[in-house]
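Right after this note come the structures.
Next, two complexes with chain A in common: one pairs it with chain B, the other with chain C.
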Partner chain A sequence: MTSTPDVIVVGAGIVGAACAHYAARAGLRVTVLDRGPVAGGTTGSGEGNLLVSDKAPGPELELALKSAELWRELAERLPHGIEYEPKGGLVVASGEAALTALRTFAAAQEKAGVTVRDVAADRLPDLEPHLARGLAGGVHYPQDAQVMPALAATHLLRASGAEVRLGQEVTGLLTGPGGAVRGVRTASGVFHAPYVVNAAGTWGGELARLAGVLLPVLPRRGFVLVTEPLPRVVRHKVYAADYVADVASDSAALQTSAVVEGTPAGPVLIGASRERVGFDRALSVPALRRLAAGATALFPVLAGVRVIRTYAGFRPYLPDHLPAIGTDARVPGLLHACGHEGAGIGLAPVTGRIIADCLTGAQPPVDVRPFDPARFEGGTGTGAGAGAGA
Partner chain B sequence: MARTPGELAGARPGPAFEITVDGRAVSALPGQTVAAALWAAGVLTWRTTRGGGRPRGVFCGIGQCFDCLVTVNGVANRRACLVAVGPGDEVRTQEGEGRGELAV
Partner chain C sequence: MVTGVFDLVVVGAGPAGLAGAGTAGELGLRVALLDMAEHVGGQFYRQPAAGLGAARPEALHHDWDAFVALRKRLAAGRVEHLGRHHVWAVERGADGDWAVHAVVGDDGGDGRPVRVRARAVLLAAGAYERQLPFPGWTLPGVVGAGGAQAMLKGGLVLPGKRVVVAGSGPLLLAVASSLASAGAEVPAVIEASGYLGYARHPRALAVNPRKLAEGLTHGAALLRHRIALRTRSAVTEAHGSERVEAVTVSRLDARWRPVPGSGRRIACDALAVGHGLVPGIELGTTLGCGTRTTADNTLALHLGSGQETSVRGVWGAGEVGGVAGAQLACIEGELAARSIAARLGRDPGPEGRVRQLSSRRTRLRTFAEAMAATHAPGPGWTGWLCDDTEVCRCEEVTAGRVREAVADQGARDARTVKLFTRAGMGWCQGRMCGAAVSCLAGDGQPPAQRRPLAVPLTLGALAGQGPEDASEPSQSQT
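Take a look at the complex of A and B:
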């Protein structure tokens, strides 16, 4: 131990990296702890989507719009290795009813500040030449973007200059008079700091429990199929309109909706499944079959392409689909930055900004009340969320 | 077949047959892999990398490294070190991911 940091961030995923980054930019000394490697949890198990398109007007869309702006700024600062691509999203509807619903949704988003462009059926091939014929139409969202999440987390963390201590599982919180946080205990020792940020993602509920408070983060499993490397065959993030309904759903049963995107490295990534099965990593053939069927229905060309691997991850899910961001009124010195469900990569920068603002007493860029970490205490959520997550 | 170790190994392969490599006729033996047939014909590289366009051939030779990818009978990204040749097989050198026809 050299000198005592101003803040300890627990979690070296994208959100922890962003918290470290913005706190360091605000002049604070930061130590980041993680029980595993950088991006070893949900960050390394996603697709790196930075989406506004899948979010209904409300607190989460506000976060997403601000975060999209911050990602553009970060992309200028960070190495090209983060693979930031402002590629835009394309949401397609297969029938007239779905298209009408999509257009209504997009019109409401436009009023909330999202750039939307209606795409008639006969113009879809201009945007995506390999897209299936016979779709009813779509909406183009130029603000959607993508990064390679593990590289983005790594570069953010490196740029922060924070001290990073991996293989350090937090086993307890140190508290002082009045219950105020004074640091954390790990298997190998103690780390002192006047502030601790819970950026433990899907495991954020466990860290909250160590602090004696309730934060009901649950895992929502998703699989991704990875194809062999290809030239650019899919230009945008392309997904079926029913994805938005799946994201906002509360069902525990398996849901899939076709989400397809290319990557600079070559492979096409195919999602998205969601099911609540705890932390079960077992391969689900039905889920994979449905992902493949959905993707080939959107892009028939993929039927002739090999899938080389699959991976699973656990989205950190809170009951109202909104993240927990900010100070915890129940434990002085404790802050939370977790529960972003499938939107954590996109929402990481704004989350980091809010946390840094909370730490320095500055005014956060958005109203943070809907993200109050204490809102589930006593079993009465604020119920504020019509929000979503990728 | 000057470059095979068949004699040293006491091998008694069946009769040779022809395959084509980018349209050129090459002699191969039953049981050879595509990589062995290419090596025997003096061809050491048959793919260029996706990013830098650098030459690649066999590296590990045991199916682990995916460096020796090649297009066989129209199927891209076959591992030359594992695929056995058959009479009339069409081997094509591969640029990058070998699926350039799909690019948009």
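Take a look at the complex of A and C:
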């Protein structure tokens, strides 16, 4: 392909792949660049959580609900290899106080459109036979699902028909008169296009800096434990109610609330610690210990199961814990699709849809003003970029 | 001295670890020597289980006298040998010391968690065998060359009656000679490289007469047992239904591509195969220790003149710095111990001794690099893989599936192949298939040795790991 594409997507993770996918479906010609391989960053370290259960009513929940719908549709189009499983989530509370808080939270989610089912303590074993006894109760979220992130990214890219150029690190943005984007420069040459999408995930702040704008994306480290392959002992995504508080927290300190789930390949995955320690991959024994303790508290049967692997990933987060999605009013032709923190796999399809709508001038499926990429500039909140789809 | 903290923890009780711990003990350091086996010796000085009643275990070993001397030094010094300790991680402590995390038991996975604290760490974890797959390599009766040697030394058992020895590297000659001495028929040793490679490094040979003598000893053993040595050849297929019954041996060109039509069958009931050794460095890489690529495309720890890694306070000795054999391992273990003693403010012993050891180390390292260059796998070996040959045995991933991930799915390196195919995600964590997957991924890089958990452990052991499980120096020695 030698002709100029309509749009360049920087980043071949799940979000870049979804942007390419929906842009191509809208009839645009797309080139995807990445400095590494497909799914080489946070996507390759993700568990593949597609969660509505952990989100409070608000803009992110709205995104998640729309995205859950799009994932169901994608699962029909893409090969089974993406391992999409609409398994549902189960959030459990250990005591009465936690259960009351969980029920209040769930009731508000239900008003916002989430399907929730209250589960009494004595019904928990019906859903999860190996769950610890003595829990106060829980809430079942049938819309929670799972996908294998790296395979989903590669299949989304293939289905898009986009030209994928790997090993191409973007070193600068090409701009024309009036500062409008005309393409990007990489170590090996230049790529021209009237639009550039920043889907560089945790490294999205660096790309914004190349464009001369502020987008304060920072890494939040997480460890995942992987066990030896097992028959299905965990059927849902199961986690303790305090996970929600951890996700929403601003604390830099280590937080762990184990999310436990089985996989089609056999191993049980245990996430997810949250720490703000920069891009430091050093093993944290306290983080692993607390994940293991959390998992065995939920499922005592796992105490005798061996962990064969652990790995760290870096969630890209923005100060208000909302992603940056849409056109950047500061640089004509630049769009952003990054900063999804731990929800990037889940929110990828809706992000791709919004970006495609922005590119074609269609109406995005949700109100995108809360995700305005310029909202951190000078501390003045939303700028002229609001209503990015226009 | 801080109570509860050793001066030095040595991980691995093979030649390097024994020499390091023994020397450090003699220099007055309080040393903990951890190893997964019950007895010291590592793979090189592996001893038969006591129950087997071996009268002369030394008969199977080279240099047994050196081992006896090492053990004596250990007993004389202040060394606590902690056997059956499976180290899964080393972690930097808050006070500039180190916490070594292990599980204790015959099989690490079921063990009790312990933590050993020390002011310095010496990594001497040795190496494991490199395997290159070929059609039929999963048949019963196909064993690792090093594995066959270990079975013989540790269990006094032979892998078969008629054993073909194949692969590449100096270990093959030693294995063939051990197997033949123990009564096996060895119809042939199949070496993929040519020994002429050594001739390209005349200096390395000239300054290492002992290495030449070793080679001659093995050569003489082959002659005595009428074992044919076939160079520039490889086992390109193993045949059999229930177990291996024969192998096909093909000639290789200079790039290790099988020469079409050159295949010849050799009947056997076992095949001992290995393509050199890979340094076991994951404890170091997890700590951020820098690495170097060896001449045979493995990663080894980058070590300074005093054997220290790029991480201050962590040293390495023996195979972790590049595979070079027991003789060099002993030298490096001692050098490391002296450097550690000096760092901890102790007398490291006579300067002349360090100079002498250093120059012997340089000589032997030169030889090791020549050896690695000679036996480095050529890029053409993947030519003997069929698409249905299993590459990753744990996850049952075929060569065809890996090729598809590279050709169609955008995988450019071993990590991405792993994500797309699960190759290397299983029980062995890529120790078995890492070399093969890297070659098929075509990035030309040695397989990354990133395994934050060096050995598996149960969730219960991990959850229960607390400060109360610390293993401390004996009180009598404070």
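Here is the rule we go by: the second predicted complex is superposed on the first by the 378 of 390 C-alpha atoms of A that agree within 3 Å, B and C clash if a C-alpha of one lies under 4 Å from a C-alpha of the other, contacts with A are read in each partner's own complex, and residues count from 1 in each chain.
Everything below uses one rule, namely that a contact is a pair of C-beta atoms (placed from the backbone, for glycine too) under 8 Å apart; a residue touches a chain by one contact, two chains touch by 3 or more.
Since we're looking at a predicted model, the values are computed, not measured.
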- Once the two structures are overlaid on chain A, check if chain B and chain C clash or fit side by side. clash
- Query: When both complexes are superposed, which of chain B and chain C contacts more residues belonging to chain A?
  - Reply: C
- So, does A:A362 touch the first partner chain B, the second partner chain C, both, or neither? neither
- Does the superposition put A:L283 against chain B (first), chain C (second), both, or neither? second
- Task: Would you check which partner chain A:E228 touches, where first means chain B only, second means chain C only, and both and neither mean what they say?
- Result: both
- Message: Applying the document's definition of touch, where does A:H130 land relative to chain B and chain C: first, second, both, or neither?
- Response: first
- Name the contact category of A:R306: first (chain B only), second (chain C only), both, or neither. both
- Determine, under the contact definition given at the top, whether A:T154 touches first (chain B), second (chain C), both, or neither. second
- Between chain B and chain C, which residues of chain A are contacted by each of them? 228-229, 305-306
- Contact residues on chain C for chain A in the complex? 89, 91-92, 99, 101, 109-110, 286-288, 395, 408-413, 415-416, 419-420, 422, 425-427, 429, 451-453, 456-460, 462-463, 465
- Task: Would you tell me which residues of chain A are touching chain C in their complex?
- Result: 12, 36-40, 44, 150-151, 154, 157-158, 164, 166-167, 225-229, 265, 267, 270, 282-283, 285, 288-289, 292-293, 295-296, 302-312
- chain A partner, complex, touching residues on chain B are 50, 77, 96-97, 99-100, 102-104
- Message: Could you list, by residue number, the parts of chain A that touch chain B in their complex?
- Response: 128-130, 228-233, 235, 266, 301, 305-306
